[in-house]
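Below are the structure tokens for one structure; questions will follow.
So that you can tell them apart, the chains are marked A, B, C and D in the order they are listed, and the count of residues begins at 1 in each.
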Amino acid sequence: MHDSTRKTPAWKRHLLAVALGTGLGFAGAAGAADHPTEKVSTTGLAVNDDTVKVGILHSITGTMAISETGSVEAEKLAIEQINAMGGVLGRKIEVIQEDGASDWPTFAEKSRKLLTQDKVAAVFGCWTSASRKAVLPVFEKENGLLYYPTFYEGLEQSKNVIYTGQEATQQNLAGLDWIAKEKDAKTYYLVGSDYIWPRTSNKIARKHIENVLGGEVIGEEYYPLGNTNFGSLINKIRLKKPDVVYASIVGGSNVAWWKQLKAAGITPERQTIVTISVTEDEVLGIGGENIAGYYSSMKYFQSLENDNNQAFVKAFKARWGEDSVIGDVTQAAYLGPWLWKAAVEKAGSFDVDAVAAASADIELETAPEGYVKVHENHHLWSKLRMGQWKADGQAEVVYESELIEPNPFPEGYQ
Amino acid sequence: MSAPILLAIEDLTVSFDGFKAVDGLNLYIERNEVRVVIGPNGAGKTTLLDLICGKTRATSGSIKFKDIELTKLAENNIVKAGVGRKFQTPSIYENLTVRENLQLSYPTGRTVFGSLFFKVTEQVRERVEAVADDIFLVDRLDTSAGLLSHGQKQWLEIGMLLIQDPELLMLDEPVAGMSVSEREATADLLRRISQNRSVIVIEHDMDFVKDIAHRVTVLHQGKLLAEGKMDDVQRNEKVIEVYLGH
Amino acid sequence: MGGYSGQELTAIFVMQGFSGLSLFCVFLLMALGLAIIFGQMGVINMAHGEFLTLGAYITWLISELASTSPWLQQVYFPFAIVAAFAGAFLLGYIVERVMISRLYHRPLDTLLATWGLGLILQQIYRSTFGPREVSVGMPDWLMGSWAVNDMIDIPLNGLFVMAVTLIMTVGVVSMMYRSRWGIKLRATTQNRLMANAAGINTKRVDRFTFALGCGIAGVAGAAFTTIASTGPTTGSLYIVDTFLVVVFGGAASLLGTVVSAFGIAQSQSILEFFLSGSMAKVITLLVVVGILMFRPQGLFASKVRR
Amino acid sequence: MQNWISAFGGRQRLLQLAALAVLLLVVLPLTLDIFRLNLIGKYLTYAFVAVGLVLCWGYGGVLSLGQGIFFGLGGYCMAMFLKLEASSPENTAIQSTPGIPDFMDWNQITELPALWMPFHSLTLTILLILTVPALFAFVIGVAMFKRRVGGVYFAIITQAIASIATILIIGQQGFTGGINGITDLRTLMGWDIRPDSAKYILYFLCCVLLILCLLIGQFVLSSRYGKLLIAMRDQEDRVRFSGYDVANIKIFVFALAGIFSAIGGAMFALQVGFMSPSFVGTVVSIEMVIFCAVGGRLSLIGAVYGALLVNLAKTLLSESFPQLWIIFMGALFIGVVLLFPRGLAGLYDDFVQPHIDRFLASRRKSAPVKREQPIEPVQRSKPQEVTS
């Protein structure tokens, strides 16, 4: 498996992680005796006096395994830490993990299995929008609860989903404001992989640039997923000389894009580039030296200096190996089990309706990204940070916004 | 004695990347004639048959069959016009039975929907059996064609042409690989089927050629070298030089 | 294109031409191995991309070893290319021996079997190297660009890929048309029985040819680490395009492969400049498929007497 | 009666079909819960494609690596109809333009595109599901087969077309829903397709349609046309020089396979509740070929078992060994091609059928059962199949 190359024996890492987890200082759990099973679970979920089952549903195989591995690791870490603290309502969390295999109907099929066969109390999973769209009707019909970690295009809200990543306005607007001011930018060039998230993000960015910032979008274009040749695009950028290139290129294309930029002699001094699709995970493949000096607009970077984050990074590395890196989505995935635990404890019940209702206004003081709070639209209040990449693959946070209210259906941006 | 002309080939040329396999050929076949085409390897004999049946397209020249220009016609329409062709290596459907081979060649229901709703009528059955009788295979009708001997496969292919009752039948080396007795049977078969149609035969076996040919055409390097009765051709010095003399 | 100076336009024209040339080299390097395997042997190797990936991972492994010393870091790359070739060659040799050799009379079946092989290799890469992409550390002389003047920057890695492509192409062509192996190969593909009768060990020729094609894919993989990503599915990104290049060129003709790679790359690159990337790709593919419908034998196919 | 039996494949084939029907319509619904049954229903939609491939690849010798296009055409037609119904003005009141599908609204489309208009009517939709793939196959077929593009070339070109189709669907997200596809399908003419009861009904509908397709397939193969397909695979020139238009024969079988695939796609959209471009692309198209090869490329019924078993194996293995199942699948493909080119059906013919024959013969000595001759999957196609 992917972590077989790492040195520390598994049990040792595990113990260490648990020890660190307890040290994080989350509120202790009450014993199961105070919460009889027939009271905390009235809808036939897989809850007994000792355990509660949850599902993890990510792609372990296929093209998306690249991206989803970190989320699985983060979710498992959070669950292990919660268990080490006594679990949720006195019950240990048991994980049933399923492979979505980068295939959307498989996601739908597996989510149906988790909900109807395994009766899990919550599912942590999905990564791409397409997989979330595929499982959403299943969760709504079977009344399940999904914690979805990825930053995404917004335009969605469901009782059955808690979105722990940022929606598009949270990720784009504050960053654009900052870069416009910082670089005195007037002209923008929007590029992205050709699918829904880059297109929607760029749509919001374009409205903001044109209507709020008074700038001009001088180019907007999309390349097929998997495209590895950006020569023509780079030439166009060179010719049009935009103040800012705003990029949302994903996957294998991403690596080619940055490498070719560097090879074409484009430097961060000559050309400002802001990307919304590069986290520490992607930098591993791109190579820090190829992206150093450019900006990512994210809510979380591994280099954040608060205590929560340092404990989290330490625990994560202890559990999954020193070489691990933690990106925005990985952190958001880590929040899922903690948010669920908090909501269950607030509701005093595992029932999905109760947990969903209790979720609004749940606060987490201990999140690695800092304070977060669940909005009643089931997205998180969060900050936007602008990170400037360094050659070692870490980012230096150069800007941090105030807490931003999630707004999945933004007026004036549609 | 000039019987009406069935097939008129004029100035026929085909070139493959500059190499002229058939070069300015003129050839006339009469009705009910058995014409044998001979010539050394590479003389263009098989290419000539390919040109007539449409497998190869002519570079220039014309092929008129009963006033129909064949050079522009699709292969299947050439067949429908009444030209049948047997290939050098027996090409039959080895995974089907002899009966199915013959039935598939029966000349109705040749469109997609015609073949989907094709019914084996009494008439078809009788015709299949009659042809099978002609080609000495009447007791092998339900044998898989792949199991036939080489000679029998040759006959079956001839039978598949016969069932279409073509006016012009072209046979490429019909007795190659046959035993002496099979050869005699084939010669006998050819005489019978040439009663009411023209036949073009390519053959190397001179005894067999003598046995069946009305007239002989000798090709050399894609050009006509000589034409006439077998005896005359055999005495032709040019022919002796390039071919028979070896 | 109003508002730009003549100098700017010239610069863009040069760099745009270069960008088309790099894409051409990417296509050609991928297609060379395939042209030998598919064009000469008639084997459809759907796992061709995975051989490329193997080359890329070998390069990565060596770059990791080399990263211990700054001096090694500068010189390892040529060795990595040789190692990538050797690794892919060896795997190709084994695959031919175990699998392909039994399927020569069933070309469509090689397609299915090699697709299965591709799946297995991808998963092995994923399990061994992890699902994440890896970054190959580049020597300094491969980074950045060569500034011809203020306007024109020529990417060094593009130049490097071009050089590799040129060497490989010349090598393959001279092997095909100058060496004894080339004669044997062409004899075998034209008439296997006769070649056997003439004392050519056709099985060995097959094995060597297939392995050589895979080896070239390995070199392509090594070269592509300089311009694109290295992950378990890297190779599969190229496979459809590459087959199209080979078929479009006329499968049996190496010259055809070169010309078709050039044509497809330049038109895609130019279209990308004037349109959006996705549409450029769609239009290029459509045109190629359209031409293939009118000229199914590809651009260069000799008319053969049969 | 005898005529009818032979017109649909003969007694043995019909008995096998009956056994399959009993399995699908009686045994599985009685033994599986609705979750598993719905999965089987999903796999059966792939079986439509595999059955089409048996006709067009196994018998016709035409390997298409683009069957996903037809599956997608059928699926998208059905999904568009269902999506329009789900996007009633009441359901979409919060949109800036109520009454159009949600993804259009996000893409600033304010009016239903003309392309979508026909999908207001179910009759028209069903008609389109059947005719659009047929027409598309016809166009590809005319372009390719009339020019004698065959074998490997056809495979690669269809693959390229599938890849173009995927890029187009993903790129035109305002019209197609992009990479997410068309999701959240709810009702068919007001009938909710999501509850268990509906899933049962859809499953049975799917089975019945599949059996119908199998019957059509057996009818085609038993007719003179079916013999022609075999003949054409063996000796294409002989067929041509027996007065047949070979191109038309291929076009028909390709179109028929396309229609079958489209029916599968439509049933997929109904049972799974969405449709996405990942069912149009090259990967899924090759997988379909594999289902067919595993089942036996010369057996219509085998293809159904192939689709079922491979997918079942995929589901079960991915539950217990997520890392291993891909390797297992790969090994399966190689194994089938190298060791059992006739697939499951070949194994059945060699090992099971003789026992059944013996058993039947001992029961009814008066009527010995005639073995149908297995047909060797020889492919005489040479690498360069294009005739110039």
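One rule holds in what follows: contacts are C-beta pairs under 8 Å (C-beta built on N, C-alpha and C of every residue); 3 or more make two chains touch, one makes a residue touch a chain.
The structure displayed is predicted, hence computed values, not measured ones.
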item: Intersection of the contact lists for chain A and chain D; value: C
item: C-D or B-D, whichever has more C-beta pairs in contact; value: C-D
item: Chain at the geometric heart of the assembly (C-alpha centres); value: D
item: Whole-Å gap between the CA centroids of chain C and chain D; value: 33
item: Distance between chain centroids, defined by C-alpha means - chain B, chain C (Å); value: 48
item: Gap in Å, rounded to a whole number, between the CA centres of chain D and chain B; value: 43
item: Separation of mean Cα positions, chain C and chain A [Å, integer]; value: 36
item: Sites on chain D at which at least two other chains make contact; value: 167, 170-171, 323, 326
item: Per-residue overlap in chain A, given as positions that touch at least 2 other chains; value: 1, 60-61, 194, 222, 224
item: Multi-partner residues of chain C (each touching 2 or more other chains); value: 123, 126-127, 278, 281, 303-304
item: Interface residues, chain C side, partner chain A - complex; value: 4, 8, 12, 15-16, 18-20, 22-23, 26, 123, 126-127, 130-138, 143-145, 147, 153, 155-158, 224, 226-234, 237-238, 268-270, 272-273, 276-278, 280-281
item: Complex interface listing, chain B residues touching chain D; value: 53, 55, 74-76, 79-80, 84-85, 87, 91-96, 100-101, 103-105, 107, 109-112, 115-118, 144, 157, 160, 164
item: Sites on chain C touched by chain D in the complex; value: 38, 41-42, 44, 46, 99, 102-103, 105-109, 111-113, 115-120, 122-124, 126-127, 240, 243-244, 247, 251-252, 278-279, 281-282, 285-286, 288-289, 292-294, 296-297, 301, 303-304, 306
item: Residues of chain D that touch chain A when the two form their complex; value: 35, 38-39, 42, 94, 96, 102-103, 105-108, 167, 170-171, 173, 178-181, 183-185, 194, 272-274, 276, 278, 315, 318-319, 322-323, 325-326
item: Residue ranges of chain A in contact with chain D within the complex; value: 1, 60-62, 97-99, 101, 103-106, 108-109, 112-113, 116-117, 128-130, 133-134, 136-137, 141, 153, 155, 194-196, 199-200, 203, 222, 224-225, 409, 414
